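Alright, structures below, take your time with them.
Below, subunit A partners subunit B and then partners subunit C, in two separate complexes.
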Partner chain A sequence: MNISLDIWTWISALLTLFIFSFLYGDNPFYKFAEHIFVGVSVGYTIAITWHNFLYPDLIIPLFKQGNLINLIPAFLGILYFSVFFKNLSWMIRIPIGFVLGYGSGVAIPAIFQANIIRQIQGSLLTPKLLERTDLLIASIISLFGIVCTIIYFFFSREQKGVSKIMAKCGIIFLMIGFGASFGFTVMARVSLLLGRLQFLLRDWLGLIR
Partner chain B sequence: MKFLELLTKIPRRIIFLILAIFVIFPLFKPLNLTTKVSIRTYDLFKAIDNLNGEKPVLISIDFDPQSMPELYPMYLSILRHCFAKNIPVIVLGLWITGVGIGEEGLKLIAKEYNKEYGKDYIFLGWKPGITAVILGLGRSLKETFPTDYYKNPLENLPLAQKVETYKDIPFMVSISAGSPGYGDWIAYAQTRYGVKIGAGVTAVSAADAYPYLQSGQLTGLLSGLKGASEYEYLVEKYGYSKAFKSATQLMDSQSFAHLIIMILVIIGNIGYFLLRRKR
Partner chain C sequence: MRKKFLFFNLLIFSLIFSLEIKVLDTPNDAGNSLTILITKPMDVDYYQIYRKEEGKDFILIGKLTREERCFIDDKVVRNKTYSYQVIGIKDTLKFSSNIGYGIPKAQFFNTARINVLVGIIVFSFLILYFIKKARKGEKLFIRRISGLDAVEEAVGRATEMGKPILFVPGIGSVADIATIAALNILGEVAKKAAQYDTTLLVPNRDVLVYTVAYEVVKEAYSNVGRPDAFKEGNIFYITDSQFAYTAAVDGIMVREKPATNFFLGTFYAESLILAETGAATGAIQIAGTDMVPQLPFFIVACDYTLIGEELYAASAYLSREPLLLGSLKGQDYGKLIILFILLISSLLLLLSNFPTFSIFSKIIEFFNVS
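Let's look at the complex of A and B:
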């Protein structure tokens, strides 16, 4: 046993135990750790935003280099605070309009290309797939699953005959998908628990190597 | 009847206790279960391994301390792999709360391999405006990040002289806990500039990342703690590191936990169906 003598390891370990105490029930120790977490996160975010962005990208160019063009984004940013004044709150629509316009303009073609066009291309059976049997089989199953799942969500016509059978296959594919997601979620949550246990048993208490 | 009812109503605290016992036990008595490397992990490993070291790898820290157990070991292993092969590294982050983690890991591994700041690695830190940052790197690195995290002008750093845009970055890895993350790099850097991308993701988001492998938008994928453990194994197997494998240490416990959860799910279902039949 080789207990850590580092004060920060002790603070970290105690806060971890406070959070774990929620497993038994809500209590003041848990609340204390939760509030510290929120406070530290906000403080850290403000500090990084100032040092990594506001100071080098706005303050220096504006006041030390005289780049007056930076007044425009600064003014738009300040307009976000108009929400705190009842008679000026309408002005928040201006920066939001810019963000929405820019965001949509940039995102729509890129997301459409990445998540729809390329995904359709990826679902097609191409001659290249014939080179490897395992890939070919996986691709055929994948393509069949996509078609069945889309048919399941096709509500414009009554599902009967072949379309009903395919829709039922679509449900099976969906269930397999949900099962895989659930399995991955379990894996992720257990990993987080293990990470903390490793910290407590190794870094704090020195019980394991 | 009472026993069947009990099967469906095991108190959650008992479940927590059982799980705790079964995950702690392998930490003290490792079973050393074998690691089977998936093709997805191997693809990412090979993508980095095939680089000649002339141009840097870009690593994006798209996670925060909450996902550290899964993603931090991936980050350290990838850094070890790059530094052992003398591949320069540029690190930045899309998550503001990931900046500290990125810096800590980079300093730690750079010291392990005696790497020099500015020549072998650069830490750019974080900037707001995810799409603006990703698209900006496609136009000019120095315009997007005039200075690094430590306020050094990029034009003074030798490594930054080698990089103008994405065309000078042969491979990038997004270590991602969600959004913003690998999805944004695919949408803006891969689709628009053709950047070759690999991803390390939390197990929760792994299922969402798989379609990008099939379409060739991702070159390789590390999924959760298992992916981290596989990468640690490869880095050691190929002689790049003999460091402690923190993800691998947890894999026995992970396997035990999965077994217990599967048994509990089966018990719960048996109880439910038998109870329904009796009614």
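Let's look at the complex of A and C:
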């Protein structure tokens, strides 16, 4: 056993245990760690915003390099604070509109390409599949699942008769997919827990190598 | 004499079996690459690719195996002239190609994405058409979603128990569609909470979402004639940090013990932590998100879950906002088009296996994107 003598490791380990104590129920240790976490995170965000964005992207180009073009994003950014003034609060719509417009313009073609075109391409039954029966059956089941799931998410008609049966099949396909996703993510979470346990047992208590 | 003979033989060999290359500007890019094609290959072990910039010497930039014919040089600067030469290596012998020239240029339009453009135009048209219809006051039918019935039930339960309602609008920004949908539902929940005089708590992670949520709740209280019941402090900002926010919301759940929890919006890894804590406190929970990896957690830990697009549908159904109704309707018809394309294209592609219908094999090319 080789307990750490580093004060920061101790603080980190104790805060980890305080947060873990939530498994027992709400208690003063958890409250203490929670409040520190929230307070530190707010302070950290302010520092990060200054060091990673405001200073390198605005202050240096504007005041040290004289790039006056940076006044435009600076002005748009300042408009966010207009929300604190009742008469001017409408001006917040300008930067929000800018962000939404730019964001949509960049995101829509990329999402359309990745989530629709490529998905359609991957779901089509191609002649190549006729060479292997197992692949053909799997692809037909997959296509059937896609059709049923799309019908489940069709909101313009009441689900009755055939569409109801297909929608029910769709939800079964969805649940199978969610089950696989659940298992996969639980594995990832367990690895996160292992990382924390390793920190406690190795870095703090020195029980493992 | 022997040397002369050897030189002569090599010269003839080079002329007969000469290596030829072509340098092309890579299509559909931002002018940051050139494509070197070996148009006349040789029987060699491998190829070396050399590049020369103006006023500099040739430098080795890459290799190709004997089977490869194409090399993409993406370390070039737009509108500069480059020269290339390929050397074929066979044992100790070297065979030089001609020198090819190229200038990388940016293309204004990526022709490989015409299918994306067509798709976006069709979808946009459908959405705009139905928005226009909704704005004209035409009744657009949207089926009721089962999870919505639970909203009233959940608010009623909180009222009966004399406990608050917790509404978590996710950790996304105000630009996320799921957040916008969540805020629309928040308005309806706030109206019911105001009518029943039930406390509504709305912790926020994003400053802008907080601002909008505040206005939405305040307006809802006014709309049902209860502006006096609106409590400013119940809609609050916590922090921008994902897990600090989660820890704080968990704390609220175990201390305030809300009778009903709503988790609607964009969620990431915190979804299970929130839903599990809420389930442990015995609250009735209604969740909804379009983040597919988080849906399984909500499904297992919550009483009702709005899956993906159901969240948007719920928002449109409750708010009856023409913009949302029209968008949902447009998307529905978009889905029908996709269904049609999937089934017809699959059928035609399978038919293309027969020589008479081989023309249909080209259908797959329409879905190629780069």
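FYI, the second predicted complex is superposed on the first by the 162 of 209 C-alpha atoms of A that agree within 3 Å, B and C clash if a C-alpha of one lies under 4 Å from a C-alpha of the other, contacts with A are read in each partner's own complex, and residues count from 1 in each chain.
The rule we apply is simple: a residue touches a chain if its C-beta (ideal position, glycine included) is under 8 Å from a C-beta of that chain, and two chains touch if they have at least 3 such contacts.
Quick caveat, the model's predicted, so the values are computed rather than measured.
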Touching A:24, do we find subunit B (first), subunit C (second), both, or neither?
first
Just subunit B (first), just subunit C (second), both, or neither: which does A:67 touch?
neither
Would you sort A:142 into first (subunit B), second (subunit C), both or neither based on which partner it touches?
first
Quick one: is A:191 in contact with subunit B, with subunit C, with both, or with neither? Answer first, second, both or neither.
first
Please indicate which partner A:44 is in contact with in the superposed arrangement: first for subunit B, second for subunit C, both, or neither.
both
Contacts for A:201 in the overlay, against subunit B (first) and subunit C (second): which applies, first, second, both or neither?
first
Considering only touches as defined above, state whether A:52 meets subunit B (first), subunit C (second), both or neither.
first
Quick one: classify A:108 as touching subunit B (first), subunit C (second), both or neither.
second
Set intersection of subunit A contacts, subunit C complex versus subunit B complex
41, 44-45, 103, 113, 118, 121, 123, 181, 185
Contact set on subunit A toward subunit B in their complex:
23-24, 41, 44-45, 48-49, 52-53, 56-57, 103, 106-107, 110-111, 113-115, 118-119, 121-123, 139, 142, 177, 180-181, 184-188, 190-198, 201, 207-208
Would you mind writing out the residues of subunit B in touch with subunit A in their complex?
13, 16, 19, 23-24, 27-28, 66-70, 96-97, 99-100, 125-128, 131, 135, 146-147, 149, 151, 183, 186-188, 190-192, 202-207, 211, 214-217, 223-226, 246, 249-250, 253-254, 257-258, 261
Show which residues of subunit C lie in contact with subunit A when the two form their complex.
113, 115-116, 119-120, 123, 140-143, 145, 174-175, 208, 211, 238-241, 243-245, 247-248, 250-251, 254-255, 272, 292-293, 295-297, 299-300, 307-310, 313, 328-329, 332-333, 335-336, 338-339, 341-343, 345-347, 349-350, 352-353, 361, 364, 367-369
Tell me, which parts of subunit A touch subunit C in their complex?
19, 22, 25-26, 30-31, 33-34, 37-38, 40-42, 44-45, 80, 83, 92, 96, 99-100, 103, 108-109, 112-113, 116-118, 120-121, 123-127, 130, 143, 146-147, 150-151, 153-159, 174-175, 178-179, 181-182, 185, 189
